[in-house]
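Chains: A, B, C and D, in written order; residue numbering restarts at 1 for each.
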Amino acid sequence: MGQYTYEILLACGVLSPLVSFWLLVFAGPKLGKPAAGWVAVVLGMGVPLVLATIVLIGWLGETEGGRAALTAGAYRGTWAYIGTIPVTVGVKLDSLTVAMFFMVTLIAFLIFVFSIGYMKGHSDEVAGKSKYHRFFAYLSLFGFSMLGLVLSSSLLFLFIFWELVGLCSYLLIGYYFDKGFASAAAMKAFITNRVGDFGFLIGLMLVFMHLGTLDLDEAATVFAQQYAAGTGIFASHFTLFGWSLATIMGVGLFCGAMGKSAQFPLHVWLPDAMAGPTPVSALIHAATMVAAGVYLVARVYRLMTPEALAFVALIGCLTLTLMALIAIVQVDIKKCLAYSTLSQLGYMIFAMGCGAWIAALFHLITHAFFKAMLFLCSGQVIEGCHHEQDMRKMGGLMKKMPVTGITFLVGVLAIAGTGIPIPGAEIAGRKIGLGGFFSKDEILAVAYVRAFEWDDISKHEEHGEAHGAGHTAAPEPEGSRAMLVADRTQAEHHDEHQPAAAAHGAQSTHDSHGGADRAAIFKDMKKLPSWMFYLAIFTAYVTPFYMMRCWWMTFMGKPRDQHVYDHAHETPLMYVPLVVLAIGTFVSSYFLFRPLIEDASHSATSAAMVLATDGELGTEAIHAAHGWLRWYVGGAFLVGFIVAIAIYRNGLGLAEQLKKVFLPIHTILWNKYYFDEVYDVVWVKGCVLVAHIARFFDTYFIDLLVNLSAAVTERIAAFSGLVIDNHGIDGIVNGIAKTSIDIGGVARAPQTGRIRNYVLFATAVATVVVVCVLAFGMDSGSGAATVASSVAP
Amino acid sequence: MSFLAQTDPWAGIDVGEQLFAFSPMIALICTMLAVVTCPLLFGRGPRPIAIVVAVGVIVTFYLAMRVAGVVSTGAISGLSPGGAGGMLIADPLSAGFQIILMVFLAGIFWLWWMGSAATERNAPEFFILLLGSALGMALMVSTLNLLLIVVAIETASLPSYAIVGFDKRDKAGAEAALKYMVFGSVSAAVMLYGISLLYGLVGSLNVADLAQYVATMGFHTGESSVLLSVGLLAFFAGIAFKVSAVPFHFWCPDAFEGAKVEVTTWLSVASKAAGLILLARVALTFCAAVEAPLNMQFLEPVAWVIGIVAAVTCTIGNFSAYKQESVKRLLAYSSIAHAGYMMMAAAVFVYAGSPGYTAGLTALLVYIIIYMFMNLGAFGITALVVWDGGSDKLDAFNGLMRRAPWLAIPMIICLMSLVGLPPFAGFIGKWWILVALGGLDSTLGWFLVIAAVANTLISLYFYLRIVVRMVFAEDQRAAVRAPVGGIALVNLCALALLLLFVFAQPLKTSAEQLSRGMYQAVASNTSDSSSARVADSGS
Amino acid sequence: MLSIGLTHYLVVAAVLLCTGLFTIMTKRNAIGILIGVELLLNAANVNLVAFDRFREGGLFDGQIMALFIIVLAAAEAAIAVGICINVYKNLATVDVDSARQLQG
Amino acid sequence: MDLLTLIVFLPALGGLLCLFVPRAQVRVVAVLASLATLLVSLLLFPTFLGGAEAAESIFGTSYGKLQHVIRLPWITGEGFEIEYFLGIDGLGFPLIILTTLVSFLSCLASWNFDTWKINKGIRGYFFLFLLLETGMLGVFVSLDFFLFYIFWEVMLLPMYFLIGVWGGPRKEYAAIKFFLFTLAGSVLMLVALVAMYFYGGAAIEAAGGSVPSGYRVTDSGAPVAITHGTFDLIELATNDVIQKYFSAKATLFLGMRFAPIMFMFLFIGFAIKLPSVPFHTWLPDAHVEAPTPISMILAGVLLKMGGYGFLRLCYPIFPLGGEYWAFLLATVGVVSILYGALCAMAQTDFKKLVAYSSVSHMGYVLLGIAVMTPAGFQGAMFQMIAHGISSPMCFFLVGVIYDRAHHREINRFGGLWLTMPKYGTMATIGFFASLGLPGLCGFIGEVWVLLGTFDAGSKYTWAYPMAILAAAGVILTAGYILWLIRRVYLGNEREEYRGFPDASGREIFILVPMAILCIALGVLPMQTVFNFTNGTLDLLLAGVTDTINAMI
């Protein structure tokens, strides 16, 4: 396909949901109940899905060089000028975009379909007015914003769509806004995101000021050049908590991601966001929007300094651990999934932080599939169980809703990272396992290397530089790093890896965006603290546990609530998407997306950091790590499952006893470490308090000044005998008026009405004037005598 | 020089021309006589008197116009050869002021005719007094002789005293007259004392000689500076009384509140204006007498005194107007404040010294004219309201917008014009004063500019109080019954205020020409008159 | 022996002035105030005449002026008394302090 | 009859007409008059179309290229010339359009005058209303300082009566407060007016009595000779001699350096109008008491005069003042942003909340101008326009619900989105626009200003913390707006509002244009605003920086 065909197709894919949005806004009520939904399904996501598929196929047909050319030549137009700096609007066209675009459209499409079924069962009438069309309008708007986010090539537009998806999430969480908690949750979500965006804005400012452009690629180039030359942002000696300006820029941008992806300090909104309809939770708060944070980090990866990445890793690590622990004690099925989402997002961010760019995105996509599926299943369950979300009331639903049960199980297996770690067990050179298996495994491998073997690698690197300098046409160390990798693979591995590695090297050498200097940055990258690795792998054991717990409590065992059980059922319109997603979870994730991401990685990250390809390819360190890690990681799910089943096999009895045993821990986890409470006191209440202080100040402080001045005036006018009236005063003006009136009192005081006083005052003042004039106006002469003498005869 | 020195006092005096030059005043006197005799012929009814007065005013106006035409080429000095030395002066300034005075007198007459005429029993006396004070003011602005200044001031004051307490059955009027009288006579006496000292020092009653003496001796010679300064200040006290400048303003509110509205209107503009013109003339003479190098060291203190007095007058006037319940009194205070503004202009032309800086005088003249309309309008409306409701308290104005829009709207215009708010002429008046002050480019100038604008702000509040009562206050009283003529009068004033804003140019131009002429005239006659005197006072 | 010079006259005049002012400020009777005013005027007269007398060559303007002042004083007194009578009619007293209706 | 004069005085004529038509027709006449003004003002567009390539012919190569100029002598004397001097450039033009548009819409919003609590004197109301419009338009087109001042004051009285007569319970208080504050500002301006004239004269005096004009050329192409002080704003800004004299160290005004002190005089005048903390207290009262259409005018246009004044007077004429006070001004701006937002958060009166949000939003204008960067200026200008559209919309939204509920207690509302869906949708657009949501007009201005401020960091180190604090404002804004939306529009329907009719056709007709503009400005800032303003703004800023650099 031609240069602009891709852009045009993708752009249409972005715009068609917008069309459906306006259509639904204006014509929605007339379209009525199912029709509006179908409009959204077809126009809102069907068209984009088709286009995305076309693009994907076309893209897979392109050669490496062709893709690079397309990426380089992608459309850029000037939208506006900030000062003198143009803001470009354009398409960031590379494999990652294509992959994400396809993933989003596919999942979104399925969820749209699902929603129709879902909404059929749900009352969308509030106070006799249908909000049905509104729901699908919002979904369409979300589709537009999310796809725009994926597509945009400039940070500013990234930010714009960023906010728009935030808006959609606000609107959709608050879809049942007639319920207090829903609108509260919506507001919480938006404001928490705003807090993140505050950081994002600061990052933007730094980019704008120091890199002088908002275009992702240009920014990266300038950044690299500035690093090489030590100019621009690297020239300033400003530091904050030991962070250089460049680092602050990276962290700032990452703050945005923290908001959207609900990372550790800003995670509080996501569980509440489950107040929205379940499809929304699946689409926005599991699959796509929350992953946008990871996507953002991936996009600004080339603007990240090692320190920034360390911070990213830290946040990710904390999130994945803490949230996983909370998930253990959840009894609300959606909340449970929400916390597992948080934990998985933590994994992705952590991966980004420790440099597993590919792994992170890979995990993003696999997670998108199985988490969306899990949420839809939960939706199915909740729907089936008559809006019952408490797992303690469920159980034994397998018989009533087998499809849901199976698909749910698939999801559980996937998120648990099920696979067969035995070396022999391979199909076409690929390990057997579900998405989670590979991605998580890969993340951990990289984490391991970063934690334990990084020093050797950086040493190798220096050696490699010299080596590579002579070896390839590309003198830059990054290229040589790539060559180094290639060499190793050539030297030590089976031949089938060679082409890929060569490709890798080739990629790196003709890689644009001055990745060279970026690689240099990473030479002084620190080791990852080993505890992070341990936490990560520990959580790898926790995850299967709580997932299996969740599944078992829901589907296995005996029914705990007969009424719920009797009501349970499932509807085709809803489980068809489940099946599709399940299949997706099985296959497409690995066979399709992984190579695309890897392909994107070279240009999108300036490959120095792409240590972690997957288990098969990479430095020997990672390879070695895989050698034994796969046993631990791969085996984790067995342990988790067994423990979970052991505890919940027959009812909740054992769980209850355990709860008693670990009561303090349980309480802390149950209350989510009291984050909400603390935030409520510190931020919300604090802010409102400050606000009231401000208002008080505004209303009364100036008034105080006024009274003060008035009082002073009164002192002056002690005899004017005016009392200051205090009513109806706020603001200086009354002060002026009142003070004036008092001065008026002073001024009028001599006007006693006694003519004799008048004469007295007049004479007195006149005398004073005379005296003054004599004193200052002129040197006091010798007076009458001299006159007399002068005129004497 | 002594009288004996002059052999033939009548040599080279064209009596006819000179009589013509002062015909306006003569006409006024004739009118007064006519008013006296009129009752003998036609009875004491207001109508014949009114006719006589109307004719008299018109004739005077006509004559003043003609005189103005003649003297525009050069001043004529009364009953003396050459430009100066005479007691009476007819020049553009005096003629111009007489014209303004007649216009204003006509306005007052109209107002009287609309309101009091019906009930007035002593029309002849009233007009004799009114015309008398008018005559006095006409004299005030056309002399430079200390003796005649005193006479003129008294001529203007004595009838005023009487006319303030004209209504015999009115307690307030009687009290007002008493206060006015006592205060006036005291300040006149003080002024006389000052004049006696000055005369003693200079040995002449001619202000030109006084100026010359001061210029040559200055304050810094040590010679008799005490007597000189005391004398000068006492002399200025007399003028300050007419202008009602602090601290000689006390009479003003009481007298104005007690008097009938027409009288208040008359005094509020005419006597102040006359006083200011007199001040202007004296000040000009001083400036002209003083050579450039001297004038800073000598005139600057004077200017500062006048300037500060002006600023204080403004401020006290404005502040005192707060919380006034009687509109007449409120406007009385406001007139004090406006006297302050005008004195700022006076400060300018004392300060500037350098001949040819006419901005100050120009501003003063423009302001007087505009102020005349503003006050005529404001007091006129007050009068109409008073005649209708019998009270001049603020409450009488409640809901005027509904009860009499054709009074309320011009009132708003007049008040806002008094504040000095565009697009009304009051702003133009202030504007020229500010320009004149700014033109000084001196600390005094900018100090006064700031004082002036600050006072604008202060004054807004109490003017608004009336507006608030008129527009916002709900009031169920019946509509105001006002004579059409009166309504016409006040609306004409309001209209004039609008027009004088839009067409500010002609007024300014003419005032500028007039003042420029003044400067030349004064400069010339001072220089040629007092050379001899300087010689022998020097010896 | 002591020769009476200009200074003495000036001093006398000044004393007259102060007395007059003092009278005006202290007397409550309107007529008393009028007398005070007369004192002021006469202070001026004394000055004028004295100056005329002591200037070498002698002058007459001052004396003429003194005459004028006397006339003015008469006129003023006439008006003043008229007003006082009017006040008396209205307030039944000539105590100026009782005339306090207008103030503030 | 030239275009600008027509635009300026058309409303006044309509107003006069209003006085003489039968009571029933008054509002028709008024609406038609304002509509006519709007249409005529649209005739200005062709002048400014043409985009980048025509930029030079439209905006010139240096500050001072004007369009539709008319200048006639008004009050003259030797060494003294006050002119009737109108003209527009990138500064005035968008604001004129804004004024005519907002006036038209709010005139339409007064359509239901008869149903108001105070519905007496309809003639007076519309007369004053249109007089007010004339005043506002005059301010934006007049380039002679004297004339500018006149129009500035002409606006006062109508506004005073509009608030004071047809306002709420404490109307008189609010009206007087408004009047006193504004007059306080304008008397300072008056001092500056006189001073600038004479100091300019002194400058030319010093330069030998005749200097070439900074921007005016005779037909032969030679620059016009300036022989005395002038009120010509462009001349004052562009004439090197005057500029040098103004900003010279030796030039003193009452012992203080001329440029800074004059700048401060003007600044206070405009800051009161803007309004920026601490001169803002008149605004909430005025808004709360004023009837809805007047609030729309007040928020939509009057506040913009402050910003316009900065850009037209303060900075071009006293660049040094800008440099001198930069820190103070930026601080005031940031304080206004945060303080206004906090006050808004604490309000329970719907209108007061919106009023305080105006304080907060105009803070961005001040900040953007104060830092003197291209992005800052552009952002400030855009913010003015954007706020000029979004805040009247918000006020009208308040008005709509006030007409029905007859109270503005935020906490007594709820679920209005259910009760009035159309209205709810409009409200969402309006309030999200003022929240600064990307894709809507509020966003552009804020981001531009923030980036501009940060960009100034290379000049002033303090710009970084300022920018960051200002950026924190976006959180607060989101806070109070979303909280407002939640309390008023979300939640379950309330009994007492159940019967409320949805927005009527007229209301929709007023809301839709503003909603469309909110989106259009947010999506196409270049085409809607920047193309018309940037030309002038950049030249203006260039001139300013040149002078500053020359002086330092």
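Note that in this section a residue touches a chain if its C-beta (ideal position, glycine included) is under 8 Å from a C-beta of that chain, and two chains touch if they have at least 3 such contacts.
Small disclaimer: the values here were computed from a predicted structure and weren't measured.
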Of all chains, the one whose CA centroid lies most distant from that of subunit B is A
Contact-richer chain pair [B-C vs B-D]
B-C
Can you compute the centre-to-centre distance for subunit B and subunit C, using the mean CA position of each chain? Integer Å is fine.
26
Can you work out the whole-Å distance between the CA centroids of subunit B and subunit D?
44
Roughly how far is subunit A from subunit B, going centre to centre by Cα mean, in whole Å?
79
Taking each chain's centre as the mean of its CA atoms, subunit A sits from subunit D at a distance in Å of 37
Quick check on subunit C: which residues sit in contact with 2+ other chains?
10, 21, 24, 33, 51, 55, 96, 99-104
What parts of subunit A, by residue number, touch at least two of the other chains?
736-737, 748, 751, 753, 755, 759, 784, 787, 791
Going by residue number, subunit D touches two or more other chains at 176, 180
Subunit D-touching residues of subunit B, taken from the complex the two chains share
416, 421-423, 427, 434-435, 437-439, 441, 443, 446-447, 449-450, 453-454, 456-457, 460-461, 464, 468, 471-472, 504-505, 508-509, 512
Provide the residue numbers of subunit B that touch subunit A in the complex, in ascending order.
178-179, 182-183, 186-187, 190, 200-201, 219-230, 233, 237, 246-248, 250-251, 253-254, 301, 305, 315-316, 319-323, 458, 461
Considering only the defined contacts, which subunit C positions touch subunit A in the complex?
5-7, 10-11, 21, 24-28, 33, 51, 54-56, 96-97, 99-104
Subunit D to subunit A touching residues, read off their complex:
170, 173, 176-177, 180-181, 278, 281-282, 285, 339, 342-343, 345-347, 373-375, 378, 415, 417-419, 421, 425, 432, 437-439, 443-444, 447-448, 450-452, 454-455, 457-458, 467-468, 471-472, 474-476, 478-480, 482-483, 486, 489-493, 498, 525-526, 530, 534, 538
Quick one: in the complex, what on subunit C touches subunit B?
10, 13, 17, 20-21, 24, 30, 33-34, 36-37, 40-41, 43-45, 47-48, 50-51, 55, 57-62, 64-65, 68-69, 72, 75-76, 79-80, 82-84, 86-87, 89-91, 96, 99-104
